[in-house]
Every structure is written in C-alpha cells, then in structure tokens.
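Taking it in order: structure first as structure tokens, then the write-up.
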Amino acid sequence: MPGLAALQARLAEFAAARRWQPFHTPKNLAVALSVEASELLEIFQWLTPEQSAAVMDDAASAHRVRDEVADVLAYLLQFCEVLGVDPLAALAAKIDRNELRFPRPEADGHSPG
Amino acid sequence: MPGLAALQARLAEFAAARRWQPFHTPKNLAVALSVEASELLEIFQWLTPEQSAAVMDDAASAHRVRDEVADVLAYLLQFCEVLGVDPLAALAAKIDRNELRFPRPEADGHSPG
Amino acid sequence: MPGLAALQARLAEFAAARRWQPFHTPKNLAVALSVEASELLEIFQWLTPEQSAAVMDDAASAHRVRDEVADVLAYLLQFCEVLGVDPLAALAAKIDRNELRFPRPEADGHSPG
Amino acid sequence: MPGLAALQARLAEFAAARRWQPFHTPKNLAVALSVEASELLEIFQWLTPEQSAAVMDDAASAHRVRDEVADVLAYLLQFCEVLGVDPLAALAAKIDRNELRFPRPEADGHSPG
C-alpha cells in the first residue's frame, strides 16, 4: 500500500497533468474539502446512532463511505501540498497539545468518589 | 515522524483513556469532521484568492491553519477507525477511478488546434 | 416584528455603511452561510437525539442556538440580495415540486394493511 | 406571495402528512441544514469572484441556486419550528447587537485622512 506522501505526490501530478493548478488556490481547496466532508455527513443525515454504526454492512453505502473518505483525504492532501503544511507533523503536535489540555484521568482505583 | 497508522492508534488510545468512545459514533465523528473542515474554511472566508495563497506568511494564521488541518485529519482517522475503513486504500482506489474518469490530456504537440 | 424584507434591507444598509460590499461576493457569502450552518451544528455535535431535543432548556445554549440561527438567516438573506433571488418564492416553488416528488400518503383508513 | 410563517406551517404539515417527524430531531435538521448549505456552496467551488457574480446569467445554474436556497431556508424553518425559535426575532436581536459591536463609521467628511 502506498503511503501518504506517495498519494500526495500522485494527486499533485494528476492535477498538473490536467492543468488544474489555477483552480487549486488554498481557498478553493478549503471549500472543496468542506463540501466533501458534508457529502460524507449526508450519508448519516437521517440515521439513528445505531444505524450509523452499521453503515458498512450494506455494500452500496460502504462503497459510498469509502468514496467520500477518499475525497476528503484527497482535498486535505492537496490543500496541504499548496501551502507546504505537513499534515502528520501538524497532527502529532496537536495530540501533544491535547495531552496537556485533557489530562489522562487516573486509573479507576484512584478516581474520586 | 510517526506515520498515519501510528497517529491513528495514538488517537484511539487517547479517546479510550478518556472514555470518549460512547460519543464517537460514526455519525458524530462525521459531524465533527464537517465542523472542523468548516473551521479551516472560515480562515479563508473573506480573503481574495491572492490573500489565501499568502496565509502561511503570518505566524498566527499559519498556526491556525496547521491546527485545523490536524483537527480534520484527527476526526477523519477516528471515523475510519470506528468503521474499519482504510483511508490510504480508499484514496488509492479513488485515484485509479479518476484516472479513467478524467483521462490524461495528450502532450502539447498533439493537442487539438 | 419586522418582516423578512425589512430585515434584508436593514442588513444591506448595515453592510453598505461599513463598506463591506467588496467582501460580499456571492461566493464569499455562500462560504459564510456554510460556516455559520456548521457553527449551529457544532452545538449538537456530541448530543444524543434526546439531548438535542432539550437544547432550549438551558439558557446559555438557547441563546447560542438563536444567535447561530440569526447568523445563518443573515447570510442567506445577504446572499439572496446580491444575486436578486427571492427566498420565499424559491421555497414556495420548491414545496410545489416536492408535493409532486413525494406524493401525500392516503388517509389512514385507506392505507394498505 | 406567502410569508415566512405560512411557508413554515406548510413545511410542518408536509412533514406530518408523510410521518417524517421522528427523523426531524433538532440534531438531524441541523445536519440537513449544513449539508444543504454545502450544496449551495458547491456551485461556487471553482469559480473566481467575478464568475460567482454572474452565476444567475446561466438558466441552469440560476435554477440550481434557487433550489439550494429553498432547501437551506426549508431546513432552517423546520429547525426553528421544532425548537420554538422565532428566526425573525433572532435576526432582529442579532442586528441590534451588531450595531453596538461594529459601530457605524462617521460620514465621509469626518473620516480620518
């Protein structure tokens, strides 16, 4: 399986070959990312929490989920490419900050009450 | 730098230690992903295309961009985790489909006109 | 209570007095509308369906809901203003189309079974 | 032309006749509103600011814009209906607050410079 960087390079080459770069401003890619995230959300729009947990049991909706996940990741990688953002480094740094912001609760035996 | 799978495991461990799993239904994670993609988009809301291309020149907005990229990727990975979706495989398959859907234009010398 | 048209005029005057019109392209207003709709959604992000039905019982979250509803409506009206779209006529026409698309089920006495 | 309240009543009757109320939790309607706002935004995704200003010149895209405006307004009204929010009162109150938050600039003759 190709890694994230290989897929990001493949997306950049794909867009360049089709001369899509003028459309790929950071603003337009942020719009596209948001639109694709909404298309993923649309699948769950009227589902109960229980139904949403079973969405991969149906082949057609499983395909749709994978397809929208791919679109979200594709636009996220292209957005990062044009702005020179490293998404893995950004996420690692964010988890570090969240470890401080939401301290790990103590083990059960030590919890208050 | 840790890879995507290592970050995904770290996020899962983080949520489990805080007992957040009951909140992490696929539907809720799809909502959260969409909300974070909108927060990234909000940065570009009133910018011209030219201003949007320079967004990393300002340290504060560069930090905000990286922070929102991290949030989008975090919820995408957690969404994929709870549904058993492989985001890299999904994206590779989607690029394959797009290669057929948007054929590569011929080289300049052969282009019509 | 002022009607929709009076509020739309007040919003247009408000933006003109602050010279915000150059920012109010249809594209930017569509982005702003989407961002505000996400901020409304964020309130419900981690709530169960039952909790979401009780959101107005808490004064702070009720205020937040009304505030985000106002923002969504404000950008929708400003979007319609700059493009010359009549939102009430658009909605009336859409309901007409939906009456054909989703026919009214028969009264109980006639329903199958 | 029917007013906002008449359209809101018509939407409520429409949903009741089709027994859609169980799906119309505030959370689901907030999701649907956000999804429709994104569908409106999608129309402008790759357009320049100038192209976005001309979107009503093409009959097909003008129809699409009106259709998505109707969907956004429909879900906003249904959301307000189930939570007992008055959207016009919410917007009037918000404009009042914004008049304080963004004071009206002085007339030209008095502006600095």
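We call the chains A, B, C and D, going by the order they appear; numbering starts again at 1 in every chain.
The rule is short, and it goes like this: contacts are C-beta pairs under 8 Å (C-beta built on N, C-alpha and C of every residue); 3 or more make two chains touch, one makes a residue touch a chain.
Computed from a prediction, not measured in an experiment: that's the story for all the values here.
Novice: Answer with same or different: of all residue numbers used at the interface between chain C and chain D, are over half used by both copies?
Specialist: same
Novice: Is the number of contacting C-beta pairs greater for B-D or for A-D?
Specialist: Looking at B-D and A-D side by side, A-D shows more C-beta contacts.
Novice: Centroid of chain C to centroid of chain D, CA atoms only: how many Å?
Specialist: About 3 Å, centre to centre.
Novice: Need the CA-centroid distance for the pair chain A / chain D, whole Å please.
Specialist: 27
Novice: What positions in chain D touch 2 or more of the other chains?
Specialist: Within chain D, residues 28, 31, 34, 38, 41, 44, 49 contact more than one other chain.
Novice: Which residues of chain D touch chain B in the complex?
Specialist: For chain D paired with chain B, touching residues are 31, 34, 48-49.
Novice: Show which residues of chain C lie in contact with chain B when the two form their complex.
Specialist: Residue list for chain C touching chain B: 23, 28, 31-32, 34-35, 38-39, 41-42, 44-46.
Novice: Mind pulling up the chain C residues that touch chain D in the complex?
Specialist: Residues 1-4, 7, 10-11, 14, 17-19, 25-28, 30-31, 33-34, 37-38, 40-41, 43-44, 47, 49, 52-53, 55-56, 65-67, 69-74, 76-77, 79-80, 82-95, 98-99, 102, 104-105 of chain C touch chain D in their complex.
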